[in-house]
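We call the chains A, B and C, going by the order they appear; numbering starts again at 1 in every chain.
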């Protein structure tokens, strides 16, 4: 501490300490801890908070599992269903994105000439400067009941009645895949780019097939990038709100929408917090899993 | 060798499909902004019109669909978004910078912990950051009573700035960390040795070095703040930003005004990208020229003498622009020729639809029973649920600028 | 005069006229530096251990030692970037404990120069004035003076990366001299330069020091550099001082086997003492007996040996001659020629004694060595005055 002050001088040290304490403590740690605490408390009107009724309870987590007391079902099938569906879909989206992006990333890193690779990168970035909501909206125009795709299909006579892409959740899944594709490409690109091209040539020289070269050389080398891309895509997909708001059908819920409802429409903040904690736990477990599977450090995942 | 060639062609096709997937939807959306029909589409093309950029229209069924220039909610949201963006930049850039510099000064275990906590916010779902900010500050406001604390604790703009700063600081942090990795710390020591105070070292050595990172961190922070939805939708409380306005619009009525808005944003993005690219190339060229000149000066090597006879090259993109302009004028002429542009076309389409609508209304009344049944099938969620449809959300409806 | 300021005519600049520029007012401000029992530890690792040395005012003093021996560490302790774990640094008789690097009357030239890449050359040079709040004019003036001094007049507006290696070197020196320090510390400043430039800069540095008259503390792992420039050198090994002394003393009278082998070339003969007569020691090595001189412990005292002691006798390559009628010294041995190496002004000849001890000796290029082909027997001779006997100890391996 002493050497810290000596190194930075009093003025700058004070700035550093204020900035960091403000950020780490007041913006990151305390809000999360308070939310965690709130999730274990009953939903009380503001006046009763801090009163005798304000005790720790598991009621919100129980609600998630067993449903409300008035219902007849033994378990809260709807909420658990939404939860599992969200996780499952997020995993699927992650896998699809990975398969989809790998060839592109490899092309940019190793096949394309530097100039065209640069151009491609700029081209990839541009759509992602545009708001996620608007990108989802673009898909909605395509997929709507009287949208472009249906109209084209009808006009060409491929189908007789319009397909309800939104009710079938096709729109939602396409939108989620579309939304975070960039966050898969770039970690992969960076990882593959750092691979020594000589290794690829050596492998080819030794008669390794294309598939085998990728499986044995490129993919192991890019594992940190894969872990990073998968983590980011999963996190953002599982926590997505904008895309589901625009593209989900009226009878499909994303878990974040559930949280939103508890929070804003039913004014049950503590239950909203409890559900948030559930989502957060999934995220944490996923990160740990990724670190374990790919044997990478957290610093390699977020870059 | 042949299979390699085949593979490359396959890859090319794949990339083409990929780019179509990325750009196709945006392109189609942009085109729909010019269709005068009140539903954003291409295939039943009514008329080419600018109405969605301007005043919008009163629909045949009496709804008012606002256009870009008349939608005060969008304008209001835009201003709030700008304020928030500015606030976030002012907070998160200094925070990210401080954290990244301190990271270079701590070691081993403390460093690992510090780094992990710093990057945590990007791994948190955005909604959670929004919620935790709101619940904490609501508590603070309650405890704080009637005064200042309760004012800011329930101020959506303030909360949004805090919530967004939480994770945008991490973006800035990462940008600074990357730049600092290449910083030669002996420079700081040299400055100290020459008699600079620590504060002077900071302002005269470190800040100038970090300037590019500060600029890009500011841009990224602003953009991230500007387009954030997940955190903002919670922390903004009763206020509205551009994204929440867009969200409520998009969710409810899908109006071509949004296509128009998107097109404006796309155009701005493209422009920024092109300007950036041009500036970069110019910079590169300048640097190279200077380098050549220096080498020439230093070595006096006649081989390096730069011939000034090089012909003036017209940049390729100018051809592209000219081509676009020609195509644009031609297409526009065609539109006018075929009466697909202008008020005449619009009013013709309108009256056609009005009569159509009247007929349909009649039809509907006849089949009222059947329709009722159909609409019931839609929502099979609910039942024992103690919450209704998300569309029932007051917030979403109340600020929707479309129906007025 | 200005016609002479050619890039290459750097030395000419140091005409007496310009001395005043550097030491404004003509008063030489120079200080002595005393290290009292300095130890620096990183964890349990001693980077410097019990270093005691007094560097005189106005002296060109070098620390010489292999890579990693703690030279930089010592310099950082003097300039104040490092607090020694034990001991004291005195500059001009004043204890420097608690005084930061920006308050000490020292200037440091870094191993990598650490010029500020974002500033122009002139701004680099005038940085120390800038942080002292001097006016723009004053800064400009001083920068111009110093630019003239380093023969870079008119190049003040260039960026650092636009200079060549040697020019950067000089800018670093000018920058360090701008505030008129009492002690200039140099951390291997020439290591990044190519051979020719390095040799030129040696002379120039020495000239600067002579003119400026301030204390120079110079660090290097290159013994040639240390010996050509310094008044005195300190040889370091593994954090400890092995020997401090005048250059020729260190060369001629090494105190330890490490110094004997690190400074210059040397042939070690592992031997046993046979008899001692005053300073003359008779040793036996693999069947040969030699007469040699006992080495010194310090400036005034010689090692004392008794018969039976395990010792090393050192004899330098240039002190061994081929025995002929003109060249008959008091020691002889015969050996077999192994290889001959041509090194420009010298020829290095490697021979083997009893087919296991490698000995190297060198003869001027002019000497005819056509008879010395591989595997030929040769009779060699050297003087007992030039052979130094030291107790067994660690050698420098390179």
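Criterion: a contact is a pair of C-beta atoms (placed from the backbone, for glycine too) under 8 Å apart; a residue touches a chain by one contact, two chains touch by 3 or more.
It should be emphasised that the depicted structure is a prediction, and the values quoted were computed from it without experimental measurement.
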- line: By label, the chains that touch chain B as well as chain C are none
Message: Can you identify which chains form the pair with the largest number of contacting C-beta pairs?
response: A-B
- request: Take the average of all CA coordinates in chain A, do the same for chain C, and state the distance between these two points in whole angstrom.
  value: 61
- line: Taking each chain's mean CA coordinate, chain A and chain B are separated, in whole Å, by 18
Field: chain C, residues touching no fewer than two other chains
entry: 100
- line: Residues in chain B with touches to at least two other chains are numbered 197
Task: Could you check chain A for residues that touch two or more other chains and list them?
output: none
- request: Please give the residue numbers of chain B that touch chain C in the complex, ascending.
  value: 184, 186-187, 189-197, 200, 204-205, 208-209, 290, 294, 298
Statement: Within their complex, chain A touches chain B through residues 4, 7-9, 11-12, 15-16, 19-20, 22-24, 27-32, 34-35, 38, 46, 49, 67-68, 70-73, 78, 100, 103-104, 107, 111, 120, 122-127, 129-142, 144, 146-148, 151-152, 155, 178, 181, 210, 231-232, 235-236, 238-242, 245-246, 250-251, 253, 256-257, 259-266, 269, 272-273, 276, 279-280, 283-284, 287, 298-299, 301-303
Chain C - residues contacting chain B, complex: 79, 81, 100-103, 106-108, 110-112, 114-116, 118, 127-128, 130-132, 162, 164, 175-176, 178-179
- request: Would you pull the chain B residues touching chain A in the complex into a rising list?
  value: 7-8, 11, 14-15, 18-19, 21-23, 25-26, 28-29, 32, 39-44, 94-95, 97-99, 101-102, 105, 115-129, 131-136, 138-139, 142, 162, 165-166, 169-170, 174, 197-199, 201-202, 223, 227, 229-230, 233-234, 243, 246-247, 250-251, 254, 258-259, 261-262, 265-266, 269-270, 272-273, 277, 378-381, 384-395
